[in-house]
Amino acid sequence: MLFLQELKKTVFSVAYAVFVIVTILSLYSQGALDFGDSRITMPRPGENYGTTQKEIPEIIMPAALEELWGEFCENNYRTYPIGFIKHVKLSDREQQQVAEILSEITGVSKEEILRMRQDYAAHAGTGNNNGANTDFVIGGDGNIQAGSDGSYVISLPENDTDNAQVPKDVNDLSITAAPETLLSVRGDMAYSRFRILMQQVDDILGSGSSYAADSLIGFGVVPLTYEEAVQRYNAFIDSDKITGGYARLFSDYAVAMTMSILPVFLAVLMCTKDRRSKMSELIYTRNVSALKVILSRYLAVITAVMIPIILLAYISNASVWGQYSGSEMDYLAPLKYALGWIMPSAMISAALGMCLTELTNTPIAIAVQGFWWLFDVNAGIRSVASSYALFRLAPRHNAGAMSCFRTQDYLDNFRRLVTNRLLFAVLSILFIAITVIIYEARRRGSINEKFSFKKTASN
Amino acid sequence: MRNSASKRQHPIDVIDANGVFPFWEITRINIRHNALLSIAVSVVLLLLIPLLTGTANLDRNESAVPLEMFASLIGIIMLTPVFGPEQNPEINDLVSAKYVSTEKIYLVRTVYSILILTLLTGLFSLYLGIRDCDVTAGLFLGTLSDAVFLGALGMITSALCNNTVIAYMIPMFFYALNYGMGNRLGNYYLFSMAAGDFGPKPWMFATGIALMAASVLYKGIQKKYR
Amino acid sequence: MSRLNIEIKNLNKYYGKKQALQNVTLCIEQGMFGLLGRNGAGKTTLMKTLATLLQKKDGEITVCGIPIENAGEIRKIVGYLPQEFSMYPSMNVSEAMDYLGILSGLSLSERRERTEMLLKKVNLTEHKGKKVKALSGGMKRRLGIAQALLNDPKVLIVDEPTAGLDPEERVRFRNLLSETAEDRIVILSTHIVGDIEATCEDIAILDSGKVLYRGTVDQLLDTAQGKVFTKAADRNELPKLKQELAITGMHTQGKKVYVRFLSEHAAAGAEACEPNIEDAYMLYLLRNGSYTPLSESEFGSGGDR
C-alpha cells in the first residue's frame, strides 16, 4: 500500500528523528511533559485566590483615564499590535483629538487640558521631545522583557493577571513622571459612552492599545471571591474531569512550540526527497493517480507527526494522574485534545509545505510557514478572545502555571475554537487539493521529457 | 619519479591555473544563481519586522528587540543553504571533478553571505536609527553575532546531514528554545541585549565562525573518505 | 608528463566492508577505451577514482605520469562527465559552460573562446540560451561532453554516456566521442555492448570489482570462437533449457524456439555459430562464476543488436 510505503519513508528518515528529538526537547524545556507540581486543590475560605478581570466601570474608568492622561502628556502611547510594544507618537492634530476625548470624559475644557499638558511639559522639561521616552518607558514593556532572569514570555503568553500588570506598571510610572493627575471621570459619564470614546482613542493610535473596547477589561483587576474560586474549581473537576485542563495546557505548548511549524519540514522533505532520488520521474510515469500519491504522502506525514505527539500528550497527562487518584478522570482527554486542538495546526503546516514545494520546487514553504509561526507565536495573548481568534494558527490557553484551571475561559470560547480548528482543517484539504492539481499538471508536462524514462529504458 | 612528485603540490591551493583566484566572478555567478531567493526572503523578513514590533522611538534595550529577536533570523536564511546546491549528487560529481575545489566555493559563499548579512543588518539598523531608535554599533554587532551563530548552526547541520531542509530545523529550534529557556542558555542566549547584556555576543560570534570553519572542513574531510 | 597513458596498479577500493575494486591493474593508452560490465560491477567507482572524486584504498594510479594523489594537477588534465548530468536549475547552457569554465581555471578569454568552439562542436550553439534542465536527454549529454572538454583534457572520462538516448542520438554521440579521442584518452563505461562494438578497440571487462578481461575487441571475439551454439527446441522445453544452458539469446517461431547459448564444449544437437561481443562478454561472466540465468522478462532488452 502506498500509504504504508510513504509512512515508512517518513519515519525512517533523519528528518523524522530530528523532528522527534526536537519535539521532545522543546516540550521538555517548557516543562510541558510533567505537570506533577501543579496540583489543583479545593479552595478554602480565607485564602488568596488570585485576581480576575471584571467589567466594573467604577474601577475601569479611572484607571484607564489615568493611563491615558499620562501617555497623552508624554505623547508616547504604548500599543501592542502583535504582542510587542510599539510606541506611537501622535501628530498635533491627533493630540487635539485625544484632548477632545479627555475633555468629554472629564468635563474639563479642551483648552484647559492642553494648558495642563503644557504645564506638565514645562515641569518635566521634556515636552514632546523624544528623549523623554527613554526615561518614561523603562519597565513599561513588561510584555516583552518579563522576568528578572531575562527570559522572554511572549511566546508563552502572559498571564491574564500579568497582562493587567502592564497598565498597572505604567500607571505607577506615569504617576512618578507626570504631575499628580487633577483630572477625574465626570460623574455622569456612562460606561457605554466611555467605551466608545476609548475605542476612538484606540483607532487614533492604530489599534493594539489597552483602550480598545475589548481590552478595557484589563483595567478591571479585582480579587477573586471565595465563591468564584469554588466555582472555578468545580468546573475543573466536573467539566474538565481534571485531565482536560492539563491536556489543554499541553496542547497549547505543543501547538505553539512544535506542531504548527515542524510538520512543514517533513512535508517539504518528503516532496524534495522524491526529486532528489529521481523518483518523481518514475512515479510520474506510474499508473497511480495523483490524488493517491499526494494523499498517501500527506496522511503519512500527519500520521508520523501525530503518533509521537499523542504519546507525549499521555506522558504529560499521566504525570498528574497519581495526584488525583480516587477522582473521576477522563482518560481520553489527551487523545481528544491532540486530535481536535493540535492536529489541525499540523495539517495546515504540512499541507502548505507540500503545496508550495510542488508549486515552486524550492523550500520556500519553510520561510512562509516560519513567518506565519513567528507572527502567531509572538502575538501572545492580548485577551482571552484573541487566543482563540479565527485565524489563530496556534490557539493559546497557557497563561501562567495554573492555566489548566481556566475551564470557564475555554468553555466560553469553545465555539470559536471549533470554528478556528475546522477552518484550518478545511484550508488544509484545500491546499492538498491544489497540490494534487499541480502534481497532475507536472506529470502531464513531463511526458515529453524522454530523459525521464532513462532508468526504465536502460535496464 | 612518481613518489617524489606525489607531495609536490597541495590539493587545495588558493589560485587558479592563471595565478588568480576568480573570487568576484564566482561570487557574482553564485549570488545570481544560488543566493537570490535567500536574499529576497531575508529582505521580506526585514520588511515584516515593523509589523511585528515597534521600530520607532525605542530606547537602547527596546531597540535590541527588532534587531536580535527578528533581524538576526536572516542568518538562518542566508547561511544555511551554503552547501545546498551541491547536495544534488549529480551536480556535486560534476563540480568536484573541476580544478577549483568545492570547499573554496563553499568559502566564497560563506564570505559573501556574511557580507550580505552585514549589509542587510546595517541597513536595518540605519532604518531604526532614522526612526529615532537608540541604535548603537554594539547592537548592530550583537545582532550580527546572533545571525552568524544561527547561520552556523544551519551550516553544520547541513554539512552533517547533507540536507538543507533538515538544516533549517536546528537553528529554528534553537531560536524557539530561546523564548522558553531565556538566559539559562548562558553565553548562547540570543536575546540578551534587550536586558542590556552584551556578554554572550562575542561568544556567539566566535562559536559561529568556528562552526562554519568546522562545517567547511568537514565537507573536505568527508570527500577524502569517500 | 607528455606521455598519454594511465597506469593503474593493484587498485583496491572498499565501501565499508564491501570491496568495490579488487586488485585492478590496467594500462590505458591514447584512443577510445571501453569499460564493460553490468550495473554495480565497479565501473563508476573506477571512473570516479580516476576523476579524483573517490579516494583509493591502496594501489597506485598515475595519469600521464602524475600520481592520482595530486588531485589539483590531475583535475587540470582530466575531463569528467558523470553518469547523470545536471546543473544549477536556473542556469542556461552558456552560463553553465562559463561557470564550469571558471571552475576549470580558465581565464575569461579562454572561456569565451572554448565555450563557443565546443558548443559549435556539439551542435548546441542555437540552444545556448536554454535552461539546462529543459534540454532533452541527448542535448544534455552533448553539453556534458562540451563541459568536460572545457579544459582541453588529456583524458576524458565518460560514465555510461549512451544510457537513455534513443538510437539516433546514440550513434551521433558515439561519433562525437570517437572524434574527440583522436588526440587524447577517452574512457567510457557502458553496459551496452553495442557501444563498445562501435567505438572501442581496447576494452576491459569488469565484474564484481575485478578485471575479467583486458585486450582488444578482436581478441575477445577470438576467445569465444567455437563456444557459441544455437539449437532448436520445443517451446515447452524452455524452462528446462534455461536451467541447463547458459542462454544468451533466443527467438521463437511458432511452437519452436531457437536458443543461443554458451558452452565450453560442443553440445549434441547444437550448431556452432559466430560469436558476437555479447556472447564473449557472457562467456567471461560464466567463467567467473557470475553468470546468472536470465528470467523471461529480461530477454529482448539489454541493448541494441
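By written order: A, B and C. Residues from 1 in each chain.
One rule holds in what follows: contacts are C-beta pairs under 8 Å (C-beta built on N, C-alpha and C of every residue); 3 or more make two chains touch, one makes a residue touch a chain.
Everything numeric here is computed off the predicted structure, so don't read it as measured data.
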| item | value |
| --- | --- |
| Reference chain C; chain at largest CA-centroid distance | A |
| Closest chain to global C-alpha mean, per-chain Cα centroids | B |
| Approximate Å spacing (C-alpha centroids) for the pair chain A, chain C | 60 |
| Between chain A and chain B, centroid-to-centroid distance (C-alpha), Å | 30 |
| Where chain B and chain C are represented by their mean Cα positions, the distance between them in whole Å | 42 |
| Residues of chain B whose C-beta touches two or more other chains | 88 |
| Where chain C touches two or more other chains, by residue | 84 |
| Multi-partner residues of chain A (at least 2 other chains) | none |
| Residue ranges of chain A in contact with chain B within the complex | 14-15, 18-19, 22, 25-26, 29-30, 76, 81-82, 84-87, 89, 130, 133-134, 137-138, 141, 144-145, 147, 149-152, 154-156, 257, 261-262, 265, 268-269, 272, 276, 362-364, 366-367, 370-371, 374-375, 377-378 |
| Of chain B, residues touching chain C in the complex | 1-3, 5-13, 16-18, 22, 25-26, 29, 32-34, 85, 88, 90-91, 93-101, 105, 223-226 |
| Footprint of chain B on chain C - complex, ascending | 48, 51-55, 60, 62, 65-67, 69-73, 75-76, 78-80, 82, 84-88, 90-91, 95, 98-100, 102-108, 147, 151 |
| Contact footprint of chain A on chain B as seen in their complex | 37, 41, 44-45, 48, 51-59, 61-62, 65, 69-70, 73, 77, 87-88, 132, 134, 161, 163-166, 168-170, 172-173, 176-184, 189, 191-192, 194-195, 197 |
